[in-house]
Amino acid sequence: MKFWVTLAGHDREVTLRTEDETLVLEVDGRRLVADFHRLPDGEVYSLLVDGRSHEVRVATGADGLEVTLDGATTVPVEVRHPLEKMLRAAQGGARGLGGETILAPMPGLLVAYKVAAGDVVTPGQAVAVIEAMKMQNELTARHGGVAGEPLVAERSSVSAGQPLLRLKAAPA
Amino acid sequence: MKPIRRVLIANRGEIAVRIARTLRERDVTSIAVFSEPDRASLHVLLADEAYPIGPGPSRDSYLNLERVLETAKRVRADAVHPGYGFFAENPVFAKACAEAGLAFIGPKPETIAALGDKLAARAAAERAGVPIIPGSPGPVATLGEARDVAKRIGFPLMLKAAAGGGGKGMRVVRSDAELSAAWDVTRGEAGAAFGDDRVFVERAIERPRHVEAQILADSSGRVAFLGERECSVQRRHQKLLEETPSPAFDAKTRAAFGDAACRIAKAVGYLSAGTVEFILDEEGRFYFLEVNTRLQVEHPVTEMVTGLDLVAEQLAIAEGAPLSFGDTPPVPRGASMEARIIAEDPAANFMPSVGRVERVRFPQGPGVRNDAGIYRGYQVPVFYDSLLSKLVVWGEDREHARRRMLRALGEFVLEGLHHNVAFHRWLVAHEAFAAGNLSTRFLDEHFKPEMLAPDATAGEIALLAAALHAREQSLEVSLPGGNGVERSPWRWSDRRRAGGRTRA
Amino acid sequence: MKPIRRVLIANRGEIAVRIARTLRERDVTSIAVFSEPDRASLHVLLADEAYPIGPGPSRDSYLNLERVLETAKRVRADAVHPGYGFFAENPVFAKACAEAGLAFIGPKPETIAALGDKLAARAAAERAGVPIIPGSPGPVATLGEARDVAKRIGFPLMLKAAAGGGGKGMRVVRSDAELSAAWDVTRGEAGAAFGDDRVFVERAIERPRHVEAQILADSSGRVAFLGERECSVQRRHQKLLEETPSPAFDAKTRAAFGDAACRIAKAVGYLSAGTVEFILDEEGRFYFLEVNTRLQVEHPVTEMVTGLDLVAEQLAIAEGAPLSFGDTPPVPRGASMEARIIAEDPAANFMPSVGRVERVRFPQGPGVRNDAGIYRGYQVPVFYDSLLSKLVVWGEDREHARRRMLRALGEFVLEGLHHNVAFHRWLVAHEAFAAGNLSTRFLDEHFKPEMLAPDATAGEIALLAAALHAREQSLEVSLPGGNGVERSPWRWSDRRRAGGRTRA
Amino acid sequence: MKFWVTLAGHDREVTLRTEDETLVLEVDGRRLVADFHRLPDGEVYSLLVDGRSHEVRVATGADGLEVTLDGATTVPVEVRHPLEKMLRAAQGGARGLGGETILAPMPGLLVAYKVAAGDVVTPGQAVAVIEAMKMQNELTARHGGVAGEPLVAERSSVSAGQPLLRLKAAPA
């Protein structure tokens, strides 16, 4: 079967075939073959690629999948259906600012907002500062957009997952 | 002094567990206390007894002096071990213990108080003839005075809050202009942070190393030096990796260093375990920094090379017993390193992380000690320090210890929250680290988040894993504009988007 | 000799993991092999590379000489480490490695062959002037001859298969009548078990201790004695707990003992790591037993007190390098004990157990080393030895090590299959053990399964747990003869009865 | 609520009450109070009894429940409904030999049977010898009964859970 994978910013079409515990992947004209075995405790696989032993875990994170390699390195991956790809294309290439809602990553104190309502926020831009575990931490926008009204008062405490700010999508 | 049979551990997590272990080995009852969110913490599971002391926020539980002491008395504890942090360097608490008839396992209250004041400590060091960093003899009242000091010792200078420490309340100024600009701010911050706006001025050391001396002192006035620890690799003034011996030391330096540390300890009539912190300049000269009147997070590296149990020594000292080794401390064998495994994201400016330990497999094997405060399924609470575990290794020499640390870090499986294991893999493999070429500016000089980005091979492995996941998935999804409902092995990437950068 | 870069580990589980760790630390590529049921074994996960070698039964995989060597050559290994068991003491395999151009990490094939024969080994010891147990100089052909030996050295006697070992093919006879009765049986068994019905006769030692010498020999003929290990606590002639130093030794005995071991090693031109086993009678006299031409399961206790890595030494020796410490072995520091954590049910005559590791939390903290071959969710296969983990501790002296072992065993959480952790808790807490009063008959003299039965407190805790379970349960059950269907928090006890005593 | 618990051969009536995380048990006229907290990873509880910390796991074993204490000691416990108790009583006290099916505890070789068809087997009596993990192990009857025909041939290999012998219940 075929699908699209977004990895480290790159979009690639991947063809997948499996027999028993052998996995054959075709990507960018290359062929990856692995012996795989599912381990207990979550979605964890042992992979043998040309004999090299790797342990990987797949979890569903905030943005698509998160693959953890050898117990410690996490790589975000998105797996998409070819049709979705086509749809995107049909909708026209340039995507502009995707829009999103900034959430409090953990309970803590919202120290301050870094943007005001109406500001155009670009991906990666800092939008708020939250204090938790005795440290101040900046929250950054991932997709960007136009800032709405602050959803909580500065210097007030927030709980994990609480919406802090909405960014409206802005076409390019 | 009466023997200690029941010890209340006024702490939590990894260090409470470590203390409970020694108590168990010495046949002393270990009594844990826990806040509401800590009901399932490892220290509650591993202690002999455990009692609740209030809600999550430290001030309502672990820093609630009345509650802690009331509990200690109610459960008939005869001693209290403060661990580090919380009440560890609080003279009021130490005094209150004594008044409540509880042995405080640590220095005398007056020693804690005296050394807690940077200026008093500095003065004590000076009296003991220990080199201190050139600077103002005491607090500097006005910008004018500060300028005079600057003329005398030259820039760069460090403005330091008298009541600060651990990197807090410090500011480097490189010119007269910077000094003028920083003066009021620094005093204001000091006042706000410590309720004490006294500031003093000293020469700033460039590329300093942080090296500290472990000392033990018993009630007979015997003071022992148990070797140094180098803790130069830091972020935000917090230690990340510590080791002994220091690659910057030779036998001569070590002797002078240990002698200086012991002189200070004797000068203040020190009792129990303590650490005298120094900074080392690029010429290898050491200057007194401060004394930590408690057990350090990094104490295990000293244990690894000496074979001593520092908590057991503290216990014996609190009972009035002499040091287990009398006047001849064990000769250190080999080298040891400790990597602090912390719930944080090194790729995002070391931002703290919370979450559940979804899967964990700790390193094992020869020369590896891992003191964890977590277990599979454990939910890391947000109220406390984000230290999850201390990975400690021993090797016949530094290079062996370094390679063993690399091996152990390679085995470390920890999933479900952000942590710094991959960062440590990078650090310990770095050639500057391997060469022992360290300073507190190591990260500024060498580290960039991109360095933790997965390489090509990792990318391929991730691709294979994602493919296997797609294969396992089989959700009914209807594709808008697509040909109706079909079985599809993947979800729409935009589904489940939480937005923002949720690190929980 | 050319340096070793890629080592194939011809073993599995805990020991394969242990070897892989040293290889990783020495920057040598570790190559695992695995049978079908071992695909998810820890050694496959932790090695750099892993290759399949066939079905579960050992003879089809780990003992399939052609397959193992073919794999080693195909993956360009330049050396093979046999671990223990499997091919570890098989001269044919060692020879085949050499012929295939692979360095065999162990003694020379001819040494393995020579020492594999009990009589040859005994003769070598005798030539080296090492005390041996009084007995027949060689195999005894007839009952008549056996009787003559009996007249000479007296009862009780031991009938021993020449090709036996590890407690197999041995029988004690206490009278002429017993001797007559046992003679044919013993020979028959020897023939059946080892394809060699030669039997010899020696004096049976009552309440013997098992003490062994760890030796290392390099290619320059240097032989070092690294201290003794006492392994007296056994069941079914299998070691359960080992320690160093032996509580039965004084410096004088140790010197004579080490000297004897080295003489034997020199006499046979020994190479690499080896163990000379002795038995110690109640008067403290030691007699040569046999030589194990391999790494022992209990090697870590020696590593704990010497700081050496025995696998690293084997590796260096195989490369033709001298012993890392030259002519002066490190002076042992403190004491160490190892408890073998085994999948078996001590309450049911130590019957092996299989099953899935449902929950596990290994001991950690100061002085604790745990070399496990398992992890959470791991299914213990039925084909192999049932050793799950080696729990090793270090202490400043025996009592400290013992208390630390007790502490570590107390922390050990292992659920889902029967194991002997509770047994070890009993053993290490036993006063005879604490007194160091050991012999291979320790269990016969002190152990009864009832001793592992839960006490009153345990009963109450179990009651509370059961109550909580009942509370959580809420199955619809209709009570025959009862008042129809009702919500009931418990199941009928007879439900789910599998019958028999399922230990899986 | 009330129920019967069989522990170490003793049958006791137990009354249970819980408030939040406090458990109150009445048994044999005594009162046990514990603070309990469910831990992750299986049915595991942390219990604080008069402050003493215990970790217990409850699993369903071959015969009712198995409670594991402090990670290593397993205690078989049976929890029963009062009515069942009454029924038992009604059926008359003496239970005779319960009858059961002996299963292979693990894959291995059935070396030999120790009883012949028609033999009366008492609880605890050895009925067969199985070889696994290079060791010979006796299988014992738990409830006893009258032996039926052997279900497998001696010297043949058996898989885990395979029935080896049926013991018919025999009234006292």
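Letters are used for the chains, namely A, B, C and D, taken in the order the chains are written, and counting of residues starts over at 1 for each.
In the analysis below, a contact is a pair of C-beta atoms (placed from the backbone, for glycine too) under 8 Å apart; a residue touches a chain by one contact, two chains touch by 3 or more.
Every value quoted in this text rests on a predicted model; they were computed, and no experiment measured them.
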| item | value |
| --- | --- |
| Label of the chain whose CA centroid is most distant from the centroid of chain C | A |
| Centroid distance [mean C-alpha coordinates] between chain C and chain A, Å | 49 |
| For chain A paired with chain B, centre-to-centre distance based on mean C-alpha positions, whole Å | 32 |
| Contacts with two or more other chains, residues of chain C listed in rising order | 46, 361, 376, 410-411 |
| Of all residues in chain A, the ones touching two or more other chains | 41, 55 |
| Touch-based graph of the chains, sorted into line, ring, star, complete or other | other |
| Partner chain B, residues of chain C touching it in the complex | 17-18, 21-22, 24-27, 46, 300, 303, 307, 309, 324, 333-334, 361-362, 364-372, 375-376, 394, 396, 400, 403-404, 406-407, 410-411 |
| Residues of chain C touching chain A in the complex | 31-32, 39-40, 44-51, 75, 356, 376-378 |
| Contact set on chain A toward chain C in their complex | 21, 37, 39-41, 46, 48, 51-53, 55 |
| Complex contacts: residues of chain D adjacent to chain C | 1, 3, 5-8, 12, 14, 16, 18, 23, 25, 27, 32, 34, 36, 41-45, 47, 49, 54-60, 62-65, 67-75, 77-81, 83-84, 87, 90, 100-103, 105-108, 132-135, 137-143, 160-161, 164 |
| Chain C residues within the chain D interface of the complex | 236, 349, 351-354, 358-359, 361, 376, 382, 384-386, 409-416, 418-419, 421-422, 425, 452-454, 458-472, 477, 479-482, 488-493, 496-504 |
